[in-house]
Every structure is written in C-alpha cells, then in structure tokens.
Amino acid sequence: MTKKLTYGMVGGGKGSQIGTIHRKALNLHGKVELVAGSFSRNFKNTLITGRELKLDEKRLYNNYVEMAEKESKRNDKIDFVVIVTPNNSHYDIAKSFLENGINVMCEKPLTVTLNQALELQKLANKNNLLFAVSYAYTGYSMIRYARELVKSGKIGEVRFVNSQYISEWMAKVPFIGKVPRHEWRSDPDISGLSNCVADIGVHVENLISYVTNLKIHSLCARMDKFIEKDRLDDNASILVNYDNNSKGIYWTSQITIGHENNLNFGIYGTKGSIEWSQERANYLRLSTIDEPFKIISRGNDKVSDHIKDEYVAPGGHQEGYVEAFARIYDKFVDAIYKRKQGEILTPSDIDFPTVEDGVQGMRFVEKCLESSNQGGVWVNF
Amino acid sequence: MTKKLTYGMVGGGKGSQIGTIHRKALNLHGKVELVAGSFSRNFKNTLITGRELKLDEKRLYNNYVEMAEKESKRNDKIDFVVIVTPNNSHYDIAKSFLENGINVMCEKPLTVTLNQALELQKLANKNNLLFAVSYAYTGYSMIRYARELVKSGKIGEVRFVNSQYISEWMAKVPFIGKVPRHEWRSDPDISGLSNCVADIGVHVENLISYVTNLKIHSLCARMDKFIEKDRLDDNASILVNYDNNSKGIYWTSQITIGHENNLNFGIYGTKGSIEWSQERANYLRLSTIDEPFKIISRGNDKVSDHIKDEYVAPGGHQEGYVEAFARIYDKFVDAIYKRKQGEILTPSDIDFPTVEDGVQGMRFVEKCLESSNQGGVWVNF
Amino acid sequence: MTKKLTYGMVGGGKGSQIGTIHRKALNLHGKVELVAGSFSRNFKNTLITGRELKLDEKRLYNNYVEMAEKESKRNDKIDFVVIVTPNNSHYDIAKSFLENGINVMCEKPLTVTLNQALELQKLANKNNLLFAVSYAYTGYSMIRYARELVKSGKIGEVRFVNSQYISEWMAKVPFIGKVPRHEWRSDPDISGLSNCVADIGVHVENLISYVTNLKIHSLCARMDKFIEKDRLDDNASILVNYDNNSKGIYWTSQITIGHENNLNFGIYGTKGSIEWSQERANYLRLSTIDEPFKIISRGNDKVSDHIKDEYVAPGGHQEGYVEAFARIYDKFVDAIYKRKQGEILTPSDIDFPTVEDGVQGMRFVEKCLESSNQGGVWVNF
Amino acid sequence: MTKKLTYGMVGGGKGSQIGTIHRKALNLHGKVELVAGSFSRNFKNTLITGRELKLDEKRLYNNYVEMAEKESKRNDKIDFVVIVTPNNSHYDIAKSFLENGINVMCEKPLTVTLNQALELQKLANKNNLLFAVSYAYTGYSMIRYARELVKSGKIGEVRFVNSQYISEWMAKVPFIGKVPRHEWRSDPDISGLSNCVADIGVHVENLISYVTNLKIHSLCARMDKFIEKDRLDDNASILVNYDNNSKGIYWTSQITIGHENNLNFGIYGTKGSIEWSQERANYLRLSTIDEPFKIISRGNDKVSDHIKDEYVAPGGHQEGYVEAFARIYDKFVDAIYKRKQGEILTPSDIDFPTVEDGVQGMRFVEKCLESSNQGGVWVNF
C-alpha cells in the first residue's frame, strides 16, 4: 500500500474562496493529502483552518518562511506547496519554497512584475523543481479537444481569434458596498500594476496560446478605469498580431453588467472555426467550410478516447470548474510522483500550465501597460 | 484530530463507470475514506481494484455476504456501504448490510420490485439505519433553489409539469455494436421488469417530487420497445394526475438520437414558471406573470445564502454532476456523523434521497407497467 | 400588362389582428389586390376599414350573404375570399361563397364540428373550387426543408414525435383583465366545443402531419380547464399512435407562463432526428446516428435550391411569420391564376393547406373531446 | 379614394437579390406602387424585369439619366426613386434624381468617398428633398425599443460597446467558386476603397449610433486582407473612443466560417446592459445591476405601445428582415406623403436613416482606412 503524496498550502484560510477550490480539486482524484499549512498572516486563522481540516498542529506554521524551512527538513516533507495568496506575495513565497527544494503550484498572475516571474522561472529550473500555475480553464476536456482539433488542421490555418473574459463584479461594487474578498484586486499595493488584465486578461492570453499555439508578435492595448479613476484598470481592449500574420481581439472586463464570468473564444481558420464558452463548458461549436455548424459534446463519438479516459462524469453529464482544475492538478501530481519514483519526465508528462506560462502572462500584462500608457500604440511582444 | 468516517463499496470494480463517480463524489469534500470493498463477483477484479485504490487487502472480500458479516464484527467497521451493482442484486446486498447494522447508499432503481423496496424500507427503519438512494440530480444547487421557489409561492400553485429524460444510447446499439456496460439494462434477468422507466424514468419521478412536493394520484403510461421487441421498454410516455388537480406529462426515452442525456423540466403555476435542464444545470429560467423571463445563475444575488454556502465552485463558474452528487453524499455523511456522535437527527438532517424515495420510484415503475400492459389505461397510484 | 388577381375579405375590420396579417401577407408578393369586403357585422366598421384600405365603396357590403351574391354576379368578381371571423361563422360564410362559385381561404379551425367541415369539403369538390386553410406555419422554409429531409430518409423511419404549442395568454387573463380580442376563444357559443385544441392544437396536428406524413391511428387525450372551470379547455395532453407503430406526444397550452407562442417539435427516427421551434424559425437542429448535431440555417449549402428560390430575405437574414404566411398564399394564388388561365392543376400545384387539412383538424378536435370526455380513454381516429 | 404614392427603381434587375427585397419591403404595407424603372445597364434586362413586374413599358428607361429627366417632366412623376446598384454608381444616380427634384432611397454605403456623400447631402438639403439610406436593421422593433431603453436611462450612462458583424462568404469563395453576385464587393473599381468596412462595418457604425446616440471621437483600425492580398479588406478590428469617455470595440468580418450573417451588440452602462443579435432579432437581453438578466420579447408587456402599434406579426411570432426594412420604408413614405399633402415635417417625422447617416458611414470608412493605412494609429473622427 503506497502512501499518497502530501502537500501544504500558503493562504486559503477561513474566508478564502480560492483556497477551498484548490483543496477540493486536489481531493477529487484521491491521490494527495493536505498535511501542512500557513493559511493566513493571522496565525489564529491558520489554527482554526488547520483544525477544521484535521491537520496535525505541528505542521501549522506562523508564516511561509518558517513553513518552507521546517518542512524542507522533514523526512516526510510535503511534495509540493500550493500558493493562494494575493498577487504581491507570490514571488517571495514561491522563492522560499523553491530555495527549500519544494515543488510549487502558484495562483495566477504569477507575480506582479515580469522580472520577478523570470527569476522564479530561473530558480525553478536551476533547482530542477516542478512549478505549475493554476490556469485552470485549460483543464476542461473540450479545451483539450479544441487544441487537438486546431493541431490536426481541422480548421486549417488560424486567421483570426476573438476572445473575451467579461464579468461584472467591479460594476457592482459602488452599489452593493465593497466586496472585501475582491477589493484588493484594484489596490495597486497588493494587486500590482494591473487589476483586470492581470486577473482575467492572463486567462485569455493563456487559453488562446494553449489552444492555438499562436505566439503574440505585437499588440495595441487600451486599458480603462471606469469605476475609480485613481485605482487600476477594470476593462481592456487589446488588438493582437501573431507571428504568422494571424490577428486577434482580446477583451477583458469587470464592468459588463449581466455577465458573471463569461470567458469565451472563437478561433477562425482557413477551413473552419471553433467556438467555446465557459458557460457551456462541456460543448464546442465546430464549423467547417462545407458543413453546417455542429455542437460537439463530451459524449460525442468524435472526441478522442484519451480525452474521454480522463472524464470524471460520463458523457452527457456536466463537468465543472473543479473537474477542470482537478485535471490540471492530476497531471502535476502524476509528474511529481513519477519523478519521485526516480523516473525521467518526458515533455508529454508536463501536461499542465507551468512557470513558463506564468512568465508569458506577466509579459502580457507588462506589454499591455506599455501600450496603453502611451495612448494605445503598437508595441512588440 | 478526529478520524474521517469510513465506507466500503459493493460493485464498482475495474470497468465500472458508476463506481468511479461515487468514489470521486465521496472524495470531493474530504470527509470520508474508502477502506473496504467487494468490487466484483470476480475476486481478481476486486483485488486489482482494491490495490489501485490502495486499500488494505484484508478488507477486500470475496462477496458482499462475507463483507457485511466481517465488517460488522470489526471495531472500526465501515460507517456505510455503497451499492453500485446492477438492479437485480440491490435487494440482497442492501438487506445483508442492513441486517449487519451498516448504513447504506444504494444506486437507483432501488430494487426490481416494489415489494423488495418496501421490505428494505421496513428493515432500515427497524434497525434504525440510514439508507440513501443516489438520485444525484437533486444535489444541484439550482434544483435546490427551484424547490425553494416553488415552496415560497413564487410561481403560485402548480398547475402543470412537463418533464423529460431523453437519451440516445439504445438507438445507437444496433449501429455501433453492443455496449456491454449498458447491455444488461435491457435484459429482464438483470434489469427487472423495466429498462427505460426503471433507469431514467425514476429520476423524473423523483426530481419532480423533490422540486414540487406533488403526489401522484393516478397515471396512464404507454411504454414502447422500439429497438428490440422481445426485450424491455426503451421509451415511455406517461400522463400523470396529482392529488391537487394539477397534471403532468413525463417522457423518458433512450432512442432520441441527438440527445445524450437531456433531463429537463418546466413547472407551470398560477403566477409563474420554472424551467431547468441538466445541460444548463447551473441556470434556472424563471418567469412570472408580470415580468419578462429571467435567467437565474448560481452567482445571482437572489439565490439564498444557505445554498451559496454549499457551493464548491464560485458563482459564475460551473458545477457539474460530481458536485451535485457530492452534495447528496455530504448530507448523508453529515447525518451519519451526527448520529455517531450520539446526537438525535432532526428532519432537516435528512436532506438526501432516502429509501422512501427509492420505494416511491419502484411504485412508479410498477404502476407504469400496470397501465401500459393493459393498453394505457388510467391506474391509481 | 396583365391585371392582378383580386380578393375580398369577410371579417378583419378595425380592431382585428388577424385580418391585418392576412392582408400584409397578401401584399408581400404584389400579385393580388383587395377590392371587396364585409369587414364586420357592424357596417360602420366595414365602411371605415374599407376607406382606410382605399376600396371602392360599392364593394363594401352589409354582410357576407350580400357580398357573396353581388360579387358572384360581377364580371370582375373577386378571385377568392378570405374568411377571418370567429370559428362559429366559418361554416356559413364559406358555404355562401362556395355556392356562389368563389374560391375560399378560411382561418383555422375550419368549423366548429367535423360534420360542417366535411360538408364544406364536399361542396368545394362538387363546385370545383380551391379551398385553403391558413395553417401558416407550414410556409416556413425550414419546415419545408424538414419535410424533405424526412421524406428523403435522412432520419430513417420515424419512431417518435414530440410536439408542443404552449402559450400563456389565458393564464394572464385573470391578472390583466379580459382581453376582448381573445375572450371569445373560451366562449363555447362562439368558439365551439374547444378552445385550446381547436385554436392551437390543430396547428400541432397539421404541422406534424405535414412534416412527417404520419397518419394518426388512435389517441388518448386529457383536456384541462385550469382558468375557468365552466368554460373551455385551456391545456391538453395527447398521446398519439400512428398507423406505422410510431408514437407521439402532443401538448398544447394557454397557461404556460413564460411562453408567448412556443410551437416546436422533435421528430425521432431510426437514423436521426429533426427539431424545430417557431422561436428559432429559420434554423433546424439535425442529428444523425454518426454525427454531432448540426444547426442548419436558411443560408446553408445543404438546403435545396427550389426552397431557396422562394426566399424573400437572403440566407443569414431572418424570415418571419408574414413571409411564411405569404408563401402559403403565394401557392394558393398561383393555383387560382393557373386555373383561371385555363390550365389544369397538377397535385404539385396544391402546395398549400386545403379543406382536407381543415377536415383533419376538426376530426382531431372531436376525437380529443371524445377521449377526454370519457376520462382519457383511447379512441380510434 | 386617394391614389397610392409611386416610385421607380434603378438597379434591381433579374438576378439582383437586393432589388427584390426593396420591392417586397415596399409591397408589405400596401401604400406605394412601382411604376418606373431602369433595372439594369442592359435594357433587355430592364424590359424583362419590367414586364414581370407588370409595369407600363413607357416607363422602362434605357438608363438612369433618361429616367430622371423624363420622370421629372411627368405630371404623375414618381414620388421617389430607389437606388440598388453597386457602390460606385450611387453618387451619379442619386445626383441625377436630386437635380430633377425626386426624393431618393439609396443603398449603403452611400457613395465611395466622403466628399461625394457630403455633396449629396448638400444637394438634398438645397433642393429640399427627402433622402433615405437603407440601414434596414434599425427598423427592427427590438432595436427601437433598445434605443428607448438607453435614452430612458435604464442602463445608466453607457461605458462600453461591443459590436460585431461577422460573416463567412469571402472565406468560402476560394472553395466554392466565385459568387458573381458578390464578387464586385472586393473589386476596388466597383466597390471603392473598402469592401468589408464599407459593406457591413457601416451597419455597425450606424446601428450603435442609432441605439446609443454616442458620437465617435477617435478610432484605431486594423483592416485585414486574408483572402486576397491585392484586393480589399475582408476583416477589420476597430477600437473606438466616444465623446463622453465611453469606449467600444467593433469587429466586422467576411471570413468567420460558421457565421452566415451575425450582427450583434452589447451595450454596457453604469446600471445595466442591453444585448441583441440579428439571429434572435425579436429578443433583447436586458441586465440590470440588481436583477438577473431578462429576455424581453416583442410580446412583452414592457415594450412601449407605440412600438407594438407598428407590429406586423403579433407578439410571440417572428418578424424578419423584410418587416424591419418595411418599417424604415413606411416612415420614409409617410414623410413624403405628408409633405406632398402640403404639411410641414417635424423632426419626429424623419424616423428613418437619412443622408446624414450615409455621410457618417462614409466618414467612418475613410477614418478606418486612414488609421489602418498608417499601421493602426489613432485618428480623430
């Protein structure tokens, strides 16, 4: 009877939403166990959270520094740490764990500057550690199938991409009172130089990159501050040129009343197109030059067997955000396990978003700012 | 550090789909641990499955009888058993565990006859055991909110219900070859007297009963055998009269090509209506006499806080079948835990489908057969 | 320069909705001219309406008897009459015009009894006149394409039909005050023996018959009076058996709050299915055994050229109710014109709903009543 | 008995699609009669078309010059001319009729240069003639209601607009052979300096301007030539700044396989949003800060009575492109009629797109070209 892998968490204390999601996503496949944590800057919160989660109190730590150091010295040290704190602390925390030889899963955006991200990348590589970033949407089966369809040439060469991540919460803040859980997102001291692009724009950048494999060559961004003029962006319109002469529009917003969390894309090629929306996550709309458009659902015979093999719910049923998230984690956990067994990882083992994706996200944020701050000029990527 | 509750499983060996779903649904909230199993009539399969799941081999059993008896004698006996075998074995297995003092979660349909179901109900009550039936759709948050809306009078008194559970797999069998995993469903020796009504019709009966609290008074059923004349029903049209003079149509099918798993309903009252579809499980369509129709999604401000408190994924994101299933299990597990702590359960603790629901399902199956076998006459319920 | 055909109208005076629609539908293709009318029992209304429509006052008549007689004696008598009065007067009016040798387009339901309908059918045949009934939905291009698809065997042999015509206006009556324009529909003295089945149920019967060519063999109907117990039916659930062992469910309602005018169907065959909804009238959902489902729109390459040749708006644009209606009228007008030219009509010229369809509708109404009045027994058709 | 107004048409001969639509739209309300035409540069085609339409051959003209001159000298001269020729001839034809004192309805884009458009505007004003441009989408009832909603403050102040007009026909050309009817659109000699922006981009510009009353202050455009490098644009991405600090994205395309004719918008304000799509033209999606989103359909009680009074098909039924077009024409015809009666027109009589809208469209085309030709710089409007 082999033991499960173990992990610890920084952030995610009582009142945190995202910490709970990570833990449930990690629960789903039953391969790992949470054993350590520094869930809050407030140790009382850490204690309460740790007790609720039935952890050994010896492994509840005052802060991440103590946690990284003490865990690294244990024989049964955690196999990886999950970082679910606000943006501005990601860098220091990730660095600590990497320096102490512990694999990392970090929330996006990876850091608050591109330089920090590049340093983490270097450090992870130097220390030969696995470093994942929680771009969870890439875990949806239909996203994985979309990627395959593009790669297979089904829609020909991609000409144009339209992708949006539009939501409403910032528009509601002045009406329903501050939402403390989210308020820090528009606070430059915690969130960094960007709110909207850093929080959800990076999902668009990553998702399109994942599905199409297109590389951004240059972009022109207009970042808006509709809600509070002196805070951070809450809306952004970005024209994108890719390396292969294809083009795109990205639109990301927190002020589009009527949309809770509408992430979607259309990818238009020389022979067809693929469209997807997070609100219909288990379906793809596939059009080809010679056929009416089709809705492909998870149960469809066309979907590749290796994608179906990873289903949690059978075709016809719905898989949600946690299943997508769990798929990302599952790949990450399998890679850690394989390496722990002494095996050498092949590229196909790295089937999860990595620190490289995190770096790319930060480059995207900085380039958008560079363009927008000059009034929406074109900048090379 | 309190220990987790433990459970065992009968059925769900390698190759089983539904066993995996139960285990993942049980994993999600991290409150229980699988420790015992008789996963197959074939002990080799049980061993393989048990090893994969990292169980102690001492608790892998040759058959359910041995499992029920041996587990019941352990100090650390399982807190409940999950039964995920074909229909015709539910009765014997459930009976064994109930007689050995172990709580039960059983797949639907509960049994193959109403009498068996009534016996299990009696036995569970006599032995003061908790007995759940896996009507998982009632675990969706929007279903729970729909039930509240009906109860609150938002749509007035219900006049009419239209509900469908339509799918296509039986229509595909002659084309794509037998689907061994499902084939037993149309085999009377394993499935009992009904395929379609027993397999998915009972979901309609349970879901409408859950959301509306309407009691069926009489029904008129036409059960069809489109695929194979000498096997079991694959389609059924059922007119239903409820106690309060409201009426309904239930339609359940396995031959509607183009629908993988379309469970849906519309409930029409004197002041408004509610509509829901499994394919858009995180959304309700609410219409009232004086307003355009509205789409209510999980993130909406109107949804009750106590429902939101149980979300796994935040509003705007998707929850799927496993989250719904996990919610049912979570209520069941909490009830077992509470009773184990010596507390007395109140009615509100029984917030999951019980053996009574299972009995009702079997009554529904038998009444449909009674009506249909006489050419579609009206029969009292 | 050939002259246009001319027509007269009975009913459709100021305040009438349906009369206006008929006139606009007749305007669309510019082939006919309104020249005579008895628009109301109240001659003042007839005069006002006639003036607004710029008719010669000599051809505004006190009543339909006078109109039929006087028109029949003119050299330039109307080529056809349009009857858009309440149900109970259809028979007498149609009879008058038929006896006076004038072709007829009559609103549905054709009459208030099957016998009346049969008499009109006999009379029209005896006098060799064209008699159309305004089942306008059969004029939608996608309905015509659906009919072709079924005929071509694309979905194999039809096994099951589900069709609904659900609306809400009766449910609103008690809340928003009587709607005088519609109130007569639930008044037995004017509407006849049925409200809901006669008004919209016949559309379901006709539409399914048109698209599938299935013949009803027997049916079991439950007709409800939810709004006013002492008036006519406002909801009906009908199980249908067809001649070829295929089956169907028809549901027609005026109390489904949230649905203004939702006419839809699904037709499920051995190889595929077709689905359509009036609310998405320019699209068909086509599923086949080996393909994901497809949405076929008017502009699609697969749609037959002869159907496209009759488009008013180009593919990609929307055609509405009036275009569908105009298509029916266009076929009717062409047939009258052809016969007037002395040509002999072939079956393919009769490409509009005829008195035979009207008779079938009345048979449907009477059979539903026969079944429902006996408590929902099966009756042969 | 007053006589109908009369009109003539330039273009729209046999084989023309758009000419037929204009004629049917003009037929619908029965207020005008086609009496003259120069349907083609080829007089034979004019003769054939004129005969089919049953026109007096004396009023079939060799060319538009002859037509304008001869008609202007008749006592019963046409009340207006409809111009449905390719872009590059609009200017000369319109000028001829204006100089001869005849009101004009012209297809969009109004001309091929802004200067031409300004001249026509000047000439129409000087000669006190009515000049409409066929932006037909503004005739949809739901567009008119959307405009009212914005004006009423229902969604607060507009912050952001996203609008698309995406289609696929250019992407299909290389596969299915040249489509002669459309081919000239990408021919600079006929179409002018732009294909995609001039053909469909101007619809976006006009529609948003109509619904929001926002004035464009500056824009940044990227126009693409995906299909043929040496021809005209087939796709364009345009960032727009409005006068009041609100912003927008316009995307217009002829290469998005899977979209026949998808014109849509979302308008996001401080208190809510409105969304509409041509493919669901009879429905609006309305969201407000404190309510789930609602679907408003034509039959809804909230829609203003004066909008409902203009319905052709009753609520619940569908109105299509021709009904929208007919509404525009109806306003235009009513204004001509009123002026002919000697009445003075008030601003509310000019309830149709005018030459000013046509000018604005041409300014939009030229500004997009100015921006795009410089690599996508921001240009003032």
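As written, the chains take the letters A, B, C and D, and residue 1 is the first residue of each chain.
Everything that follows uses one rule, which is that a residue touches a chain if its C-beta (ideal position, glycine included) is under 8 Å from a C-beta of that chain, and two chains touch if they have at least 3 such contacts.
To keep track of the chains, here are their UniProt names: A, B, C, D = Putative dehydrogenase.
Source: prediction; values computed, not measured.
J.: Looking only at residue numbers at the chain A/chain D interface, is the share used by both copies over half or under half? Answer same or different.
T.: same
J.: Would you identify the chain whose Cα-based centre sits farthest away from the centre of chain A?
T.: So the farthest one, by centre of C-alpha atoms, is C.
J.: Which chain pair shares more contacting C-beta pairs: B-D, or C-D?
T.: By the number of C-beta pairs in contact, the winner is C-D.
J.: Using the average of all C-alpha atoms in each chain as its centre, how far is it in Å between chain C and chain D?
T.: 34
J.: Indicate the whole-number Å distance between the mean C-alpha point of chain A and the mean C-alpha point of chain D.
T.: Taking the mean C-alpha position of each chain, the two centres sit 44 Å apart.
J.: Could you give the separation in Å between the centres of chain B and chain D, each centre being the mean of its C-alpha atoms?
T.: Going by mean C-alpha positions, chain B sits 56 Å from chain D.
J.: Mind pulling the residue numbers of chain D that touch at least two other chains?
T.: Correct list: 286, 290, 293, 297, 300-301.
J.: Using the touch definition up top, name the residues of chain B that touch chain D in the complex.
T.: Within the complex, chain B touches chain D at residues 286, 290-297, 300-302.
J.: Give the list of chain C residues in touch with chain B in this complex.
T.: 155, 159-160, 162, 164, 171-172, 175, 220, 222, 224, 226, 235, 237, 239, 247, 249, 251, 253, 255-259, 266, 268-273, 275, 285, 287-290, 293, 375-378
J.: Which residues, counting only chain C, touch chain D once they are in their complex?
T.: 1-2, 4, 17, 20-21, 23-24, 27-30, 53-56, 167, 176, 260-261, 278-282, 297, 299-301, 312-323
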